[in-house]
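Pasting the structures here.
What follows is a pair of complexes built around subunit A, which joins subunit B in one and subunit C in the other.
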Partner chain A sequence: MRINIVHRETWLHHTNPSVKLLLLLVLFVAVVFIHNPNVLINLTIGFFILFIAYTGYPLKYVMLFFLPFLFIFISTASSMILFGNGETTWFRWGVIHITEESFYRGVHLGFRALIFALLGLTFALTTRPVYLFYSLMQQLKLKPKYAYSFLAAVRLVPIMIEEFQTVHQALKVRGVADERGIRGKLELMKRYAIPLLSQSIRRAQRIAVAMEAKRFTNERKRTFYYEMKLSKYDVLFFLYVLIVTLIAYYLAIAHPYLLIKDVR
Partner chain B sequence: MERVAYVENLRLKFPGKERLLFKDLSISFAKGEKVLLLGPSGCGKSTLLQVLAGLIPHSIEVPMKAKKIKIPERFGYVFQDPDSQFCMPYVDEEIAFVLENLCVPRHEMNERIHDLLNLVHLSLETPHTNIQTLSGGMKQRLAIASVLALEPDVLFLDEPTALLDEEGTKAIWQTIKTLAADRTVIIVEHKIEYVLDFVDRIVLFNEDGEIVADGNAHEVFTVYKQMIAEQGIWYPNIWEEYKKPITAQQPFHSPVPLLRIEHLRGYRQKQEKIYVEHITIHSGEWIAVTGENGAGKSTLLQAMMKLIPTDGTFEWCGQPLQSEKQLLKEVAFVFQNPEFQFVTHSVYDEMAYSLRLEKRSEHEVNEKVNELLQLFHLTEQKDEHPYQLSMGQKRRLSVAASIINKHKLLLLDEPTFGQDAKNTFALLEWLEMYRQRGTTIVMVTHDEQIVKHFATRRWKIENGRLIADEQLVSEEKADVVFSK
Partner chain C sequence: MQTKGLKLADVLTTVVIAIVFGIVYKVWGPFYYFVKPFGLHLDQLIYGMWFIAATVAFLIIRKPWVALLAETAAASGEFIAGSEWGLEVLFYGLIQGLLAELVFAAFRYKRFDVFVVSLAAAASTIGSLVLDFYKGYIEQLAVWNLTLFIGARFIGAILIAGVFAYSLVKALEATGVTQMVRPASKEDYDSLER
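== the complex of A and B ==
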């Protein structure tokens, strides 16, 4: 079983994975230090456009992938809105206490979560693991030992999913009932974990031996089938991020949606 | 004669084992030789191969000592399991991985990949093909292509066809024969039919890891044939010499159909993968389900047991099926990999499991389990963990545990796959014995000989459809048998 959805390759697919990764990490950190909700909302819109238009997947799937994160947005925002502290009370009922401050803080947190999700999804949808690790080896000097171990592990995932289904059927056939209670659930987890782990561990060991039999050593000197280079697309991606950020700040100052400038 | 690989006075012991696997073993290989290592399972053939390639002790840490050892400078090693020797997801990437290890410049890679794939006759639309979509035989040819990238003088082949069907096996040996010319080839293999005319030397081991015979292939094979047969090795004409149980293929019909299914459809990921208009199975039948890889044989079995989403009208012993549960109670299913269906921590508990589920008395359980332990030669192992058994024992256990509470119908997914001759025959004979007691057997198999010698009926599956349903035993013959 594999998740293989037909999609276009866009310029985002051609950016260098290491550059993309680093830039996103910088953004992740930066977003934590933004306290103006207007800026965050604008940034969200900017990255949402990137996500919808340039990941290359059909709109239906893009929205489907996005759905769980929308849920996170709502849950993050609502818990802060309903139970946070604040001075200007709007509504109070039992433990629920909505204040102006907690409302803005909730919205702010929600958008922050949304930006994380958008950036993460964009990265995941436009980066093949193989390219990522080749790029990490070439641009960021990751040791081949780690890179190829990860790639071998990625190969094991679909095999494990298949095995999981087989174990599920086998347990059904043997008459292992769904057990109730926490102890029962733990027991059931063990029933799945032991065969799956024992298969994977043995398989992993065999793959490791096979790799060494193919003269894979820990030396750094090697050639690369995929030569990952920097290109104009990386500049384009950098410019996109930069311009979105600038516009977000400009609009937040010139045309704010919310009057609050700092949620702290 | 130039020696390309040798070891003198090898001593090797697996941690936790009492005795040495090899005690002062010496063996050497000349350039260009084609050698077959034969011996019972567990005698250490594969381990020796790993020592000769230097994988032990460099990649696999096993304590060993040798007076002298020479590991070939350029060697290639092909492993048994097609699913656990690749580290990359695509065909071109996998071969490129080897080329990278050798520091082949990037601009030469595409051509080399192309040449290597041609060499092993692996014709793909594009080299950038997902390895998961290849059949087992194709995967093994890819494995050979990627070791050929190493330009080896010596090829180590560790049961490369053990997990392949007949067609895949033939193709692999064909490929190896064309490539081997001036290379030294050292082979461990249980199915020697296809290699016998290719090797010029056979080394025969006994259970204690000692060399019993070493010499010209034909001489060793003729002189030691009896011993080879006892070791459970598949040799040519084995089926002609095999004396099957006299009851085999004698019809055993009861008038009431055991299971009837109308318009059976089985789905995977919401797509219809199998459709059979009508199925009727009678007690005492042995139905062989045949067809190519991916035709839908396993899917059919899973649909018959409702393990996958299924449509259709089921009738059990003339009555409409009440629930899925009833099917699970009456029908036993044996998976290809027995490990997945073990649910307890000892052989005894494993056998007792389904009896205890039915809340039988412990006395009855004990009696029944001991009887089957004896029948399936597992008494000595009764306290061991199922995972610690040998492959043949695991298979026996999975069958024994499935049939212990007298299921009327037994579905088996390639139960003899990758088994040696001894285990295969033993298993078939047990199944036959149960069939005589009225159990119905539906079994997926690739082996024409099993169909020929044991099945009473054959289903041919193609593209998710039942395209042929033939009775292998005619009713007239049945009359003759019964009138005796």
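== the complex of A and C ==
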């Protein structure tokens, strides 16, 4: 994601996108298998520091990006806190049944969602899509036809947004009223989706024809405009993840915040 | 020239459609968690929007692997745009796309009616539930609450990614663009014979 906000490039921008993506995917799977909330809270702090300090955006924007995460935290945690199973009742009112177990499980889920969101946004803020797909082709051998299709599609996004605004204004000028409810929302979506999709399909066809006319082939032996390589920054990122994980486990054992060790 | 699998034009069209829905997926996030009233799982009724790329792309292009590619690409688009759910959308997209693809494959990619599309939407729902089971401990919800949760998600998925997706593509057919991307059908050849 490239937002036109002045930001500095940090070492995270210079890590190899494929390495960064793979490491994050490994972390994702690992986090799903962590059931100790103490470890999870420590990990959240570790990645929060990475997010605040090394995405390179001014603090007020970083905080703004962070705002929706709080909703995610609350909405993820609330269902489990209010309606989860558990033994030690804290509060009961009608169908709401808060227990000690469900409370900690809910908080655990909240932190888990927070980690995924932090890592995801850190990646999005420090990775240019162009570099990501060039790197995927070079390091992970993604077929060029997929990579360039993505790049072409990403390139079309600003045009789509412009078209969206055109449709929006056209509907407004013609006095089309917004309809309420889910049904109305879907009807509204259709009004926007039909012109956007049909135009996008036409454009995609034209681009494909142009690419083939210019002898785009699916050969593996290609030269690349951007040569993506591994560097010391990848080692640095790996070490950061490793050290944060080790500290998270050490602190969870040495100085736990919560006595509960497994939320299941 | 017949190449194996999807041609560049197919891939490009699929990915472009997917990116359109990737933006929808991103916008759907805030809508989803603002709709979320505590615990009654009304939000699950709109969850089905996140399955729609697979079904719409398949209905438009009608070729093998399109559903999987579209759903994965839409999830990637959502991810690159900075989704609130971050990394998990990649896994969800992959599984949801794969299960929808399996349904279309089970009908040998020959049926494009609302029933098969709804079945694909239901399959995607199962995929998302399996991941929720591992990630969200949903089995630990009280039974009535879990039933409501799963029921609402299935209904929403079938209505949005099934019925709505079908009607969307029907409307799109009227514009004529689908003629450009679909493989020639038996009827097309028959009309040549006449």
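Criterion: the second predicted complex is superposed on the first by the 252 of 264 C-alpha atoms of A that agree within 3 Å, B and C clash if a C-alpha of one lies under 4 Å from a C-alpha of the other, contacts with A are read in each partner's own complex, and residues count from 1 in each chain.
Keep this in mind: contacts are C-beta pairs under 8 Å (C-beta built on N, C-alpha and C of every residue); 3 or more make two chains touch, one makes a residue touch a chain.
Everything quoted here is computed from the prediction, not taken from an experiment.
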item: Combined model on subunit A: subunit C and subunit B, fit or clash; value: fit
item: Partner chain in contact with A:Ser198 - subunit B first, subunit C second, else both or neither; value: both
item: Arrangement angle, subunit B at one end, subunit C at the other, subunit A at the vertex (C-alpha, nearest 10°); value: 70
item: Which superposed partner A:Arg264 touches (first subunit B, second subunit C, both, neither); value: second
item: Touched partner set for A:Glu212, first subunit B, second subunit C, both or neither; value: both
item: Partner chain in contact with A:Thr166 - subunit B first, subunit C second, else both or neither; value: first
item: Subunit B versus subunit C as contact partner of A:Asn85, first or second or both or neither; value: second
item: Larger contact residue set on subunit A - subunit B or subunit C; value: C
item: Touched partner set for A:Lys221, first subunit B, second subunit C, both or neither; value: first
item: Partner chain in contact with A:Leu25 - subunit B first, subunit C second, else both or neither; value: second
item: Touching partner for A:Val176 - first (subunit B), second (subunit C), both, neither; value: first
item: First (subunit B), second (subunit C), both or neither touched by A:Val154; value: both
item: Shortest CA-CA distance between subunit B and subunit C [superposed frame, angstrom]; value: 6
item: Common ground on subunit A, meaning residues reached by subunit C in one complex and by subunit B in the other; value: 1, 152, 154, 198, 202-203, 207-209, 211-212, 216
item: Contact set on subunit A toward subunit C in their complex; value: 1, 24-25, 27-28, 32, 65, 68-69, 71-72, 75-76, 78-80, 82-85, 95-97, 102, 105, 109, 112-113, 116-121, 123-125, 127, 129, 132, 145-146, 149-150, 152-154, 156-157, 160, 182, 186, 189-190, 193-194, 196-198, 200-205, 207-209, 211-212, 216, 218, 263-264
item: Footprint of subunit A on subunit C - complex, ascending; value: 3, 8-9, 11-20, 23-24, 29-30, 33-34, 36, 38-39, 41, 43, 45-46, 56, 60, 69, 73, 76-77, 79-91, 134-137, 140-142, 144-145, 149, 160, 164, 167-168, 171-172, 175, 177-178, 180-181
item: Complex contact set, residues of subunit B against subunit A; value: 53, 55, 58-60, 76-77, 79, 81, 83-90, 92-93, 96-106, 109, 130-132, 146-147, 150, 269, 302, 305, 307, 328-329, 332-333, 335, 337, 339-343, 353-354, 357, 387, 401-402
item: Footprint of subunit B on subunit A - complex, ascending; value: 1-2, 130, 148, 151-152, 154-155, 158-159, 163, 166-167, 169-176, 191, 195, 198-199, 202-203, 206-217, 221-225, 227
